[in-house]
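Take a look at these structures.
Each of the two complexes below includes subunit A, the first together with subunit B, the second together with subunit C.
After this line comes the complex of A and B, so read on.
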């Protein structure tokens, strides 16, 4: 990273120094300290330091199995989702199949959906009383709960992440290279395997890693459709809240955190190297070779089948909202809406309120950190970036447990308050803003800001009047994603919700657990509608394009 | 920049509106952890608010979750009352020092249905029952089980479900019931033979009933009231009670130690109300049997007509660790558990 060129050296700007100290203090308090609390709990089960908890975790086959299962699931899903994501990206970006805009939109949809929505509709469609398995085909295929169901649900849920990473990569590979290979006599497939694929390889690897990490840290899907297939995130939650074994829950969270942080930093390294970028500077218009009809037809068919499946899953949720008792009584009803309104209206209000409250804070903090890291030179600059990005990699389960442990007693008594939820949103989502802000700032010459400084403005004034307006798109993209993620959060906040401050996703989970699938469908549907409405309003008001909003930060 | 300001203003406005709509606050509030069935909880708290004007903020937690949550918040308790949940959980909470005695003037249950030192008070009893999916029974040509012995029928292989006694209060109730009916060694012999018919031991006590409702399995062992809710929703379930006698839970209420001070008065009113007639009438609609004389719902089986065992919860609580460990060693470790 070379932001040294634009970095203004800090002189006597006390306001700036103060900001740096405050940002560090916040990151330490809300990211490092909770994780430290988890570690401390797992290593001092009875107040004395010991590895006993870890020893017992590895001695019991049940926990060992959960570790193995999480890794196995992650590997399978990462491979499938990356393959599908690559095929989609290749079809849309390189082969330019018809209906590209539609497929692009479709690939974004799963990202803005509640975390377990697909699990719900897969149960409705393929469960023992499922529409397709039981009522259309009358199959007794065995249970959908477990590994099978999880692979299906997570692949659909996570392929968009791979798609977004890889479509960016594919856009960055100059099609002329492939053309050259063809001109030199290579066959199309040969050119693909020897030119395009190797160039895309780092991106494929990066996308595999990020899907792997996301799958491992996923909580919403496995708790609903995992059945007897035990995974770490769910097991940690159950030990911690269900069985009251705090040290063991903490130890499992640490075991979950270790590989995800490792893999995530590996992914960042790959993405930062960028040696595979073959489009440089302002290049001439790319020539696109005509694509053989067979390839277009094949890839289009693939994209259509995938889209139909995804749309069917959404359709199921909508249908489920109107059906009295799925699998038993198929009559039409509006009762689920009445019930959901009764049970969920105030929770929905509070969920939206807290998400909206946290959104500008998250985006602003993200921009401030990005500004400091890119434009100012101070000791610990890289440390600040690292800390701010760290919470990307920390599983929600670990953060949730950490917040419970860290902020439950003196001097930080925040459990049960709205404050703890807002801080959880802000610090879990701040990396989106930071990443977007850094990317935006690097594209803007620092000379503009330097002029402001030369004319006598201090950092704060420059940031407000020059930098912030310049990175406005990044600010709103960060804000949008912070909002979406706050609305669809579950793994961390399930530990933090209280009687007064419940969250919609936790409520939906509770409905699913008592088999009120109709109400769960209504609430999931409502959540999606709210999220889409807010995104729409943000886009209208700010005048941003969809690509600007979803271009950055979409992958996680 | 204008647009930025405008967008921020809209965000603030919407947030303010959402906040205002969620915040039309009556003066008095009480925070409650409840293990009542969610639907019952809603009815109960709505009725309480109607009677007293006191607003209830509540979260539904399972028995295990409630104990864990109260324990985690021990230094800074967030709730005043734990309402509902298996009696054994309340005994555990008392032993851990998480609850505080409260002698309610409204208490009228028999002495065996409350703690001797008033740490917890029973609100209703719920018997264990078999929940059978009638469609599945028909499909496999099986008869509805009417006794513990019937469950050993080889035809039920892979068709039964109960929860894991290690994680579920319901399932430990089953284990303790069998020990009290048959004696310890014979009970374990029975459970070992039962094991060959059990498809899976679930984590939560109400999961088997749900799985029976949607036809994942045929017969579930669980609390009758869990089954009743599913039946009332239209699932093809029927209940039966074992002829040899069955155990039951004493759902209880406890005052959480050092709960929010400003809520104390409201908490005591809720506690008293929970032991009163209006609450009892609501419990009775869910097939459970309150300790206050009220008319039972049509179709509900009064516990007097169910052959219940002479249950000793203090013994059950004292022997829990040992019995669960033995179950794990002899059965659980080789079994599939969710």
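After this line comes the complex of A and C, so read on.
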């Protein structure tokens, strides 16, 4: 008999009540209030309520085009990335092609890379003075800037999300089902199309939606390689920061936010559906049928080509760090390192400092919210979960604009401070911790915590001495992700940085814009090295496995 | 003098009382479960009380309300007359031994047992002593530095017990603490629990659906069904004088024979079964019995016997299971199945075979009559 809905009587536990109130206040101040500020700005351009801004946005073909472009790009990338992700997941989890560990690791790499690293290397390879297009093939394939380049870059960037989601789904589908279909006389492809594919369909749809949303809200790639292909996130930034048209920037952010929140909740619903959950994690045995050699060869070749391409993109960044002037002067130099050190060392220091500062706060807050939501009964429990998960769905652009609008003047005058950056990190990344914490707590019988209560411990003592140690892996996974995302943030952060508190990604962007691609390569490379080092240290210190830190589904 | 007075008031005042306790669960779709449906019960100091009943009858829910994990929908829980509904669970000092033991997997046995003492900010020296005493009491010495995962089920169970006992509680709660143990260990451990509880004079509330456990351990058994109390009494009481057919069936696995009252005398009632009459003493018959009433005559398997016959009630052997000292027969009689336990002791052991015609002997002095 499980008592999942259980939870102690709160009664006169003032510490617990206080915590609940504080958490609600924080969520309201740092998630709801900024979004409300964006909405207010877009609806009251001159101090009075009107839909004028929205009308003008839809009337001007330039903004309308940006909306259309974002949706088109999202749909194309979602379809390509999900297809590639599925093929990779099927090859690794089902066909068990050789080199599985390698492919799994490779799929994680793009997640820990700076947001536009691939755009940078694609420019180096295929750009105006690109190594491949210009120098090896001497082709003039037209410009890589624009839709073509964006599709390429985002697909490579986002297929790991699809891969992570779908490999979780495929692991959950009992291989015996397929075996059984074969046993009943189905051919192998027939079994795939009638059994495995339909069972994986909800996951495929969910993955499509999440990639779509991520593509639409992506800022780093389009601003670097988008060229004339205007998308919403970049347009909102340019209007808001470049032109100083705050109402229009706000309206565009709201137009970006609406579909993402919608699609995101749709995705959540699909993933939470019972019918889907009943097929997960059943088979203890991992017996697989012998795979036809042709299939193994085909899929392996596919995985190898993909991997070689991804590795080549990384290699390009490393090479670009040592080459004097890409496309013109191929001589070896360390000048870019010297320059990057001069320009970027202090920014790197501050970026790492703020990321490290926000990491434990994010992870701890995530665990506290998970504990409250799963283990304590209070009015507004579901609302708290919803609010905490909401910032997952809100595009960084909307958060960035919201923070600028909300915390720019009395009573919250925080713009340009380190504080506003840290809060942005914390509240943008807390959903990962909350989700991980909730999943971990649901695995642990609530009786263990109840017995702590029963022996005399109040909620805070129980949380510290029992809950937290038990969900330690979730805590560190949440922390690792919070760190990675803080280090690779750009879409929200670009609105919030100041001369004093700059962020590495913003600096790299600036270097790219002034065409110092060598320095941009060095800094991107350095960022990856720092992130990997910290992850490595966390895993060594905590003794956690990679799979515990980067579980499936954590890709978001 | 004053001591006498004190013990007198203690006698008058129950240690723990449940007053019209109700718990209604509402699930997402809005449907209601009355898990506990109006329970009133007084428990005296030092008493070992068992809540006994079939699965889903509300035992755990009752216990969890006492511990404070569930808020009663209605009614009161009183300790020495004082309503504790508003007292949070961590201030109730009623340690509970969970069915799953709920040991802290990340703490050693020592730390598990010391957990409650640490919260109460006891001295390190005191903690060490108390833990040692408690470990000794439940035979756990030498295991203090292990983790729960490194203990057998029985040992874990004793850690859970020690962790509760070390707090020297006045009330201790058990939720089917033995159901994860094998049969032999179960009997051994129940003796141990009973011994320690008695020695320390703790009031114990013990939830089980195992009647043997309830009968052997309890001072008082509370038989529950569907959230309500069916009967409260000593083990002898509920076993020998079940208040209704449910208790008779649940406690004694009694047989129920359909019957009719043919005569009501001053001190006895006559019933008719299969054409034969049986006279049953009035105190074993419900109040207000009248001629013509449709009734059940209940008889426990050991209150009946079978022989080759001839006899008044003739039946056919349907199942025989030889279990050593006794053989349990299921006999078909008049379209009903009756369970009879036949003793195999004595010289001439007669085993009946399937489909044998046998005579059923009913001993009216052990039968009870309930309204049908």
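Here is the rule we go by: the second predicted complex is superposed on the first by the 538 of 556 C-alpha atoms of A that agree within 3 Å, B and C clash if a C-alpha of one lies under 4 Å from a C-alpha of the other, contacts with A are read in each partner's own complex, and residues count from 1 in each chain.
Criterion: a residue touches a chain if its C-beta (ideal position, glycine included) is under 8 Å from a C-beta of that chain, and two chains touch if they have at least 3 such contacts.
Source: prediction; values computed, not measured.
**Q** Could you say whether A:469 touches subunit B, subunit C, both of them, or neither, answering first, second, both or neither?
**A** The answer is both, since A:469 touches subunit B and subunit C.
**Q** After the superposition on A, what does A:246 contact: first (subunit B), second (subunit C), both or neither?
**A** Touch partner of A:246: subunit B, not subunit C.
**Q** For A:458, select first, second, both or neither according to whether it touches subunit B, subunit C, the two together, or no partner.
**A** Touch partner of A:458: subunit C, not subunit B.
**Q** Applying the touch criterion given at the start, work out whether A:13 contacts subunit B, subunit C, both or neither, answering first, second, both or neither.
**A** Touch status of A:13: second partner only.
**Q** So, does A:328 touch the first partner subunit B, the second partner subunit C, both, or neither?
**A** first
**Q** Could you tell me if A:315 is touching subunit B, subunit C, both of them or neither one (first, second, both, neither)?
**A** The answer is neither, since A:315 touches no partner chain.
**Q** Who does A:98 touch here: subunit B (first), subunit C (second), both, or neither?
**A** In the superposed model, A:98 contacts neither subunit B nor subunit C.
**Q** If you stack the two complexes on chain A, which partner ends up touching A:292: first (subunit B), second (subunit C), both, or neither?
**A** Neither subunit B nor subunit C is touched by A:292.
**Q** State whether subunit B or subunit C is in contact with more residues of subunit A in the superposed arrangement.
**A** B
**Q** Check the residue A:380 against both partner chains and state whether it touches subunit B (first), subunit C (second), both, or neither.
**A** neither
**Q** Starting from the residues of subunit A touching subunit B, keep only those that also touch subunit C in the other complex, and list them.
**A** 469
**Q** Give the list of subunit A residues in touch with subunit C in this complex.
**A** Going through subunit A, the ones touching subunit C are 1, 3, 6, 8-13, 445, 447-448, 450-458, 461, 465-466, 469-470.
**Q** Would you mind writing out the residues of subunit B in touch with subunit A in their complex?
**A** 1, 3-4, 6-8, 10-11, 14-15, 18-19, 21-22, 31-33, 37-38, 42, 57-60, 62, 64-65, 67-69, 71-73, 75-76, 78-79, 167, 200, 203-204, 206, 210, 213-216, 229-230, 233-236, 336-338
**Q** Using the touch definition up top, name the residues of subunit C that touch subunit A in the complex.
**A** Result: residues 60, 64, 67-71, 86-96, 98, 100, 102-106, 115-116, 119-120, 163-164, 167 of subunit C touch subunit A.
**Q** In their shared complex, at which residues does subunit A touch subunit B?
**A** Its residues touching subunit B are 62, 127-129, 143, 145, 227-228, 230, 238, 240-244, 246, 324-325, 327-329, 342-343, 346, 349-350, 352-353, 356-357, 359-360, 404, 408-410, 413, 415-416, 468-469, 472, 475-476, 497-500, 502, 510, 513-516, 537-538, 541-543.
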